[in-house]
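The following pair of complexes shares a single chain, chain A, combined with chain B in the former and chain C in the latter.
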Partner chain A sequence: MPRLLGKYRGLLLPLLLVGGWEYLSRQDAAGAYAFVPLSSIGAALLELLGNGELLVNLAASLARTSSGLALGILFGVALGVWMALSPLANRLIGPLFHSIRQVPMLGWIPLIAMWFGNGEFSKVLIVTLAALYPMVLNTYQGFVHVEQRYREVAQVLVLSRPQQFVHVLLPAALPSIASGALQTLAFAWVTTVGSELFLSSGAGLGNLMMNAEAGSRMEVIMLSVLCIGLCGYLMNLLFTRLSRHLLRWRATR
Partner chain B sequence: MNAIAQHAPPPPADTTLHSGALEIRGLSKAYRIEGQPLPVLEDINLKVRPGEFIGIVGASGCGKSSLLRLIVGLEAEYEGEILLDGKPVVGTSLERGIVFQDHRLFPWMSVGKNIALALKNHPLSQAEKDCLVAEHIALVNLEGFENAYPHQLSGGMAQRAAIARALINRPKVLLLDEPLGALDALTRVRLQHELQRIWVKQRCTVIMVTHDIEEALYLGDRVIVMDARPGRIKHEIKVDLAHPRERTSSLLQGYKEQLLDELVGH
Partner chain C sequence: MPTHRLLNPLTWLISPLALLALWGLVADAGIFPRNLLVPPTQVLHTFEDLVASGELLEHLRNSLSRLGLGFGIGSLCGLAFGILMALSKQVEAYCSPLFHTLRQIPSIALIPMFVLLFGIDETFKIIIVAKTAFFPVALAASEGIKAIPRSYFEVADVYRLRWPTLVREIALPAAVPSIITGFRISLTRAWVVLVATELLAADSGLGQMIEMSRQMLRIDVVMVGVIVTGVIGFALDFSFRQLEQRLFRWQTR
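So, the complex of A and B:
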């Protein structure tokens, strides 16, 4: 029994929160408005599942987040590697990159909307850019800080440049790249929902929330928030598992 | 497990295949620290016969490690000449292997992969490479640890793996930069034994830098004593004793006292 408790310890705090929420919702009319009862959130879940609205919007947001993440990680790693391996590229791109990344992501939305409209392309672009910055920085750091002693071994074994990259530099930089990817994940959902709120066209959990706000449907907003939280948690779990597998060669602390 | 060293008859030394005559002439090296030249090696002259085991001892800062880095080709700027079989050394090469004090195995590769990486640019078939790797893992007594990651090994085991990685290319010259310096006393004695056994079997030219006078005498055909600031050769002792040797030999004791005098006296 104690072992079972230990396994589900992570659920304790959420359950307490849910209990407190339900308690507050039952106090008075104002409480019932601000803290919608769990039963109405449940009813909203059944309703939106029934008419397909939830799945359509969830799928749209999930697709946006994943493609933005994938593109951001891909281009971010590529750019980071290029800047780390070519001093010329670093000198050319570095200053521009470091000044552009000071502009908060949401600050780009009006500009991107003017240039590319408020369609799918703009939204994925925003998520991609948000993922790009931490990926470039972490990849660059990872490659630049490969220990000299390992580089020397590569030299002693007379490895070619591509061999050095595959067998020495990339694996040595992988922990840094993986931590970049984990950071990126947190930004990805923020920017996905942000872009959906600002560029309110098409489907998405952000759009669902906007419409629910217009119709004063608190329970639908809550449902959306819960969906985002759950998706973010699951993706985080997936990434953590994946990076733990890729970095299984590291001594566990 | 080290009994083999005493009982195995020395196999015929394959010196025709393994040349490896090293000649160093007037070698000087200086680093630049804040624009000021800092001499680390001054006028080093050394001739090493093929298959000879040279031990180099000396106080820290005498440039012994720098000497090895120059021979292996990790340092480019120097004065003088370094010749291997009459040809000047240029950059790194698989003809010259090195084992560092820190094993420097890549932590992201298993022991087997680490050793196999040294064969990356050999025109051998995969089967031949696998065979060589297995052979060298056996040579350093690491059977069963092929798939272990370096962090799962003890210091002594990791250093054995590093020795296998350096030997698998059959280098003409093997450079050992205090390879046993970070190990505990017992493991060190055991590995000295193993090094002797391996060297008797392979007979490549070895230059070993060490802090340990006994180690240098036990393993070396010649022991070079270096002086510091700037590093230069001060003295040389020829250890006239066949391999494999007994650690307790009275001859070694005599040499040891002579060397201690050399290093501590005056």
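So, the complex of A and C:
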């Protein structure tokens, strides 16, 4: 029995929390308003799954994340490579990039909303920008910190510049690019939800939450939050596994 | 050569100045409506007006006092919790599953839920800032303390150091760098989340100023707000970085 408790003691606090929540929801009307009973969360889950609302919004958010992510990674890697390989480009673009980077992503939302409206384009643009920054930084770091001896080997073998890039620099920089993509993933997901909260038009989990807030439907908000957390966790897990598999040729430190 | 060295830092200014000039030219050429693309000089004038009327400083003071209070509460609780988690196996076994689950949920996604739970008063903003500040600090503290090599304690054993000396001379210097980094990350995140919160629900503060002017189509005020947000974020990050460097000059890493 003590061993059983030992193994599952991590579950004790979450269970207590859920129990406390349920207890508070049964106290009075005000309690039931803020702390919705668990049964109604379950009912809301069935309802949202039944009319497909949850899936539609989730799919819209995921599609937005992945298109923003793809664009951001593409441009980010390109810009990072350019800045790392050409000192002139680094000198000219670097300061501009670093000064623009200081403005938090969510600060751009009001400006972007005024310039481009609150449609799909603005949201994808915001996610793309959010994905761009960490990608550029990590790609740049990866290429700048290639070990000197690798470069020397490339010189000894008299590789041409494209050959150097493909066979020496790129493989050496890939781990850093991959870790950048991992950061980017979490960033893009949060920013997608954030942009949907601000520009609530069309489908999306953020929009679902805003509507639920307007209708003070706590159970729908709870479900969305759970869904957002779970998706973020799964994406993280998936990508970590994937990059470990793809970079398995590399001797781990 | 001396002129070259003198001119070198100036090249960093080329691209920001070029962008500024381009912006001014395009705005003056009148290709876009003047209320959508305001010239930089007007933004500067608006900034001066806002400073002169004290409006900007008022908003700034509100935002910064919220940040200070929320960050103070959140980071100190996070520090205490992180140390507890690192030192006691019991605490860790009980708390870590819940801790790591809650850590996955982005603060922004919690805004609608906290609005329903706590209303849109001051409490809500401080709680959300504190929540944002809590997790990075707690994580950094627990990881930092756990990462102290066992051999350090063995050396302390050999010298028969007493507890206070052990903590002061060995544990603190070994763990503090990562804790300070945790503080820095959580401060910049807290700032972003605070501005986002004010954008969504507030009656004062920098974010509210931006959102208000957005609704009144005052792009110049929005831009002033966005730039001030960026400068403050940068200043907070920069000062913590300076602190890090000053405190850990002795480190060879």
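Heads up, the rule we're going with is that the second predicted complex is superposed on the first by the 216 of 253 C-alpha atoms of A that agree within 3 Å, B and C clash if a C-alpha of one lies under 4 Å from a C-alpha of the other, contacts with A are read in each partner's own complex, and residues count from 1 in each chain.
We adopt the following convention: a residue touches a chain if its C-beta (ideal position, glycine included) is under 8 Å from a C-beta of that chain, and two chains touch if they have at least 3 such contacts.
Keep in mind the model is a prediction, meaning the values are calculated, not measured.
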{"item": "Touched partner set for A:46, first chain B, second chain C, both or neither", "value": "neither"}
{"item": "Greater chain A contact set [chain C / chain B]", "value": "C"}
{"item": "Touched partner set for A:218, first chain B, second chain C, both or neither", "value": "second"}
{"item": "Chain B versus chain C as contact partner of A:168, first or second or both or neither", "value": "first"}
{"item": "Partner chain(s) touched by A:153 [first = chain B, second = chain C, both, neither]", "value": "first"}
{"item": "Partner chain(s) touched by A:18 [first = chain B, second = chain C, both, neither]", "value": "neither"}
{"item": "Contacts of A:55 with chain B and chain C, given as first, second, both or neither", "value": "neither"}
{"item": "Partner chain in contact with A:242 - chain B first, chain C second, else both or neither", "value": "neither"}
{"item": "Chain B/chain C common contact set on chain A", "value": "none"}
{"item": "Of all residues in chain A, those that touch chain B in their complex", "value": "149-150, 152-153, 155-160, 163, 167-168, 171-172, 174, 248-251"}
{"item": "Residue ranges of chain C touching chain A (in the complex, touch as defined)", "value": "11-16, 19, 36, 93-98, 101, 104-106, 108-113, 115-117, 191-192, 195-196, 199-200, 210-211, 214, 217, 219, 222-223, 225-227, 229-231, 233-234"}
{"item": "Footprint of chain C on chain A - complex, ascending", "value": "6, 9-14, 17, 34, 91-96, 99, 102-111, 113-115, 189-190, 193-194, 197-198, 206, 209-210, 212-213, 216, 218, 221-222, 224-225, 228-230, 232-233"}
{"item": "Residue ranges of chain B touching chain A (in the complex, touch as defined)", "value": "72-74, 92-94, 97-98, 100, 102, 104, 106-109, 117-118, 120-121, 149, 151"}
